[in-house]
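Got some structures for you, see below.
In what follows, subunit A forms one complex with subunit B and a second complex with subunit C.
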Partner chain A sequence: MARMKFICDAERCIECNGCVTACKNEHEVPWGVNRRRVVTINDGVPGERSMSVACMHCSDAPCMAVCPVDCFYRTDEGVVLHDKDLCIGCGYCFYACPFGAPQFPQAGAFGLRGKMDKCTFCAGGPEANSSEEEFRKYGRNRLAEGKLPLCAEVCSTKALLGGDADVLADIYRQRVLTRGKGAEIWGWSTAYGKPDAPAAAPAPSAGGKS
Partner chain B sequence: MKPLIATACVIALAAGLAGCGEKSQVVVYKQGQYQGKPDGKPWDNEAFSGDKGNWETAIKARNQSQNEYRRING
Partner chain C sequence: MAYDMTVWRRLLCALLTLCALAFGPAFAADPPPTDQALRQQVQPLNNAPVWREVRSGEAHFTTVKGVETGVLIQSGGQTWRALRNGPITLYGGIVFSAMLVLLAVFFKLRGQIRLSEPKTGRLIQRFTTLERMSHWTMAISFCVLMVSGLIMLFGKHVLLPVFGYSLFAVVAMVCKNIHNFVGPVFILSVLLFIVLFVKDNVWQAIDALWIRKAGGLLSGEHVPSHRFNFGEKTWFWLGVVFLSLTVGASGLVLNFPNFEQGRAVMQTANLVHLIGGLIVMTLSLAHIYIGTLGMEGALEGMQTGYVDETWAKEHHELWYDAARQNQGMEQTPGGLSAPAAVRT
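After this line comes the complex of A and B, so read on.
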């Protein structure tokens, strides 16, 4: 198995926040912590783009490099995880991460930070697989169930893909070749390609933007 | 006596010059070692009974289910 990665197709993301909601529900993430969020650029302007962002499980993760207690590790599948028993909540990883992935629950008055929480690629953490302890600290371990991250699997437009990087690249390449890349075009045809049968295309009068 | 003094002078000179040397002040980062608890493999459970190949097959199938071209066209 190669590296596990996420890829978000900005041509398809419709900012529905289904991934955010699914993640929060699946792992029972505490209030104030969002392991995943949707970022929109040029919101409200024609041509706006949305991206679902979480921990990207970097191959050379800066959070691992700056952690003073070395609580991060990378699994053989390329998932970056951390040991919450070791984390001191210093926040260095938050400053180092270019995606703002590390999140800190409020652990007391005056904004006291708790232990860092982030996307686990639904791979749990350093506790027994699918144990109650693992769920409490890191959330559900879907990889141990032979499943992929729920955010990607639940994505209605399949904008967010998660899994083996090589397979994702193949899926994305086929998608780009099918629809024909054109960053200046936006709308249905760009996202979903140009159907062979003209009848299958949405009528412009029905509100289609292509 | 003279060679002894000359040798001492050379050593003193070398030691004195050593103080003029400049060592690199740049911190060289060394990757730390993970200090936490060990983690198990995702296939080490009842569902896969430690069979890595079985787990990879399941993951590959899930991966392909994200490819709607393949899903729709069979």
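After this line comes the complex of A and C, so read on.
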């Protein structure tokens, strides 16, 4: 079975925010929530690098570990999803997640946050695939339709890739060979741990430093 | 290499600053080159300075508005998760359960501490209505917070397997909301309680005797004290003043995410809340035990406001003596009331 992951190539991202917009539109995401965002380091000066970030669907997911009602589950493809019917809006997943992926429609006094929302890797939720109910709570289920996440699909520079980790690693390895350097993939060691699994690592200094 | 780079960069900065000073604002507008800009001149495609920034936990530029959206990786969550899910849950659970067992064993061995003399049937006032109201508001809200807090922390391990996901989620949701709304009530009652009771909990010379005799807990001997003995005073200062206020303050931080606190603040507040909460819950078991099952006549005082003279003499002799001398005087809060209050 494929193991789904995201890669964002910091050498390619041009901070167009196409992925952010596509995601928001595709899933009709609640107000105040952005499942994906682009962060730019050294903005506007030489050495600028941009990175698109959303839920990375971690291997040993911190959100899953701290949820007091245990509402997260992992699909066969390694996608980390949650059940909004169970979520109590305690915010713990937001405290634990290194990437700031879990978000809430409100930030009310007395901890009234509403149900947590985050990137689903375009894989919906526990409801029947492509049902009305599923769309309303989690957005479109593209994986069920045999499609990959829309953010990566629309990326004009192919900086953002989403899909089977082995395939992504091959593509990335090819890029690294072509440009000769820069094997790090940001966020990978945080999300997927030290690369001990075969083929998770694209190049010699595998897995990246962040 | 990296070291050399920073030295050169410093020199460059110093030079630029000098130029700026000498030639005025025209030069000052140039920002110093970034680490990454310098690095890629020497080593193209080496992004190490950028990866350091990614890891730094600092906020960078982003168009998405929200709490810490400019941060790429926040590492504190990992520490928080490890502590909360690890030692705090484990040892907190062990210590809390151990106290329950300890009290059960103590009760089995020692039984209820009974009065040595028969009751006189004459009652004297120990607590005013306001004092009792503040105590019970605090006690009831505390118990509600204790049960709901325990369910949020241990429910996943204890109740979830029994209740199943759907039912447990409803229970947890109710607990979370009750906890979050009762919390501020608890804080107010604690503040009122402290104001009402602080003057009788100031340490006095006689407390040394209580400490020397360990409160007579094991010997069964009655150690004289004023209105509150050293054990009660310790519970006041440690349990009510220090721990409850600490747990309350950290609870307020967690309870109002509308002020957009960052994750580091929330993680710390949760740890303080958890550790303080577990200690105060564990200690409260001993207090609840002695106030109900453990000692004859103790609950009566807080329930009705009046205690039997025998109880007063045996447990708080100096307070009792002073109260007797004041007989006939106007009723003072907590002091012996006028003879009218002596009921039969």
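Here is the rule we use: the second predicted complex is superposed on the first by the 176 of 210 C-alpha atoms of A that agree within 3 Å, B and C clash if a C-alpha of one lies under 4 Å from a C-alpha of the other, contacts with A are read in each partner's own complex, and residues count from 1 in each chain.
Convention: a residue touches a chain if its C-beta (ideal position, glycine included) is under 8 Å from a C-beta of that chain, and two chains touch if they have at least 3 such contacts.
Since the structure is predicted, the reported quantities are computational estimates derived from the model, not experimental observations.
After the superposition on A, what does A:Gly18 contact: first (subunit B), second (subunit C), both or neither?
Neither: A:Gly18 stays clear of subunit B and subunit C.
Could you say whether A:Phe99 touches subunit B, subunit C, both of them, or neither, answering first, second, both or neither?
Second partner only.
Tell me which partner touches more residues of subunit A in the superposed arrangement, subunit B or subunit C.
Of subunit B and subunit C, the partner in contact with more residues of subunit A is C.
Check whether A:Ile171 is in contact with subunit B, with subunit C, with both or with neither, and answer first, second, both or neither.
first
Does the superposition put A:Asp85 against subunit B (first), subunit C (second), both, or neither?
A:Asp85 sits against subunit B and subunit C alike.
Can A:Leu143 be said to touch subunit B (first), subunit C (second), both, or neither?
first
Could you tell me if A:Ala65 is touching subunit B, subunit C, both of them or neither one (first, second, both, neither)?
The answer is both, since A:Ala65 touches subunit B and subunit C.
Applying the document's definition of touch, where does A:Asn129 land relative to subunit B and subunit C: first, second, both, or neither?
Only subunit B; A:Asn129 stays clear of subunit C.
Classify the contacts of A:Gly180 with the two partner chains as first (subunit B alone), second (subunit C alone), both, or neither.
second
If I apply the document's touch criterion, which positions on subunit A are contacted by subunit B in one structure and by subunit C in the other?
65, 67, 69-71, 83, 85-86
Using the touch definition up top, name the residues of subunit A that touch subunit C in the complex.
Per the stated touch rule, the residues are 10-11, 17, 20, 32, 34, 37-43, 45-49, 51, 53, 62, 65-71, 83, 85-92, 94-100, 103, 107-113, 179-182, 184, 186-187, 190, 208-210.
Give the list of subunit C residues in touch with subunit A in this complex.
Result: residues 31, 33-40, 44-51, 53-55, 60-64, 66-75, 77-78, 80-81, 84-85, 152-153, 155-156, 160, 165-166, 168-169, 172-173, 176-177, 180-181, 254-258, 260, 263, 266-267, 270 of subunit C touch subunit A.
Over in the complex, which subunit A residues touch subunit B? Could you list them?
Going by the criterion above, the answer is residues 1, 64-65, 67, 69-73, 75-77, 81-83, 85-86, 123-130, 141, 143-148, 152-153, 158, 161-164, 167-168, 170-171, 174-175, 178.
Could you pull out which subunit B residues touch subunit A in their complex?
My answer: residues 29, 31-45, 47-48, 55-56, 58-60, 62-69.
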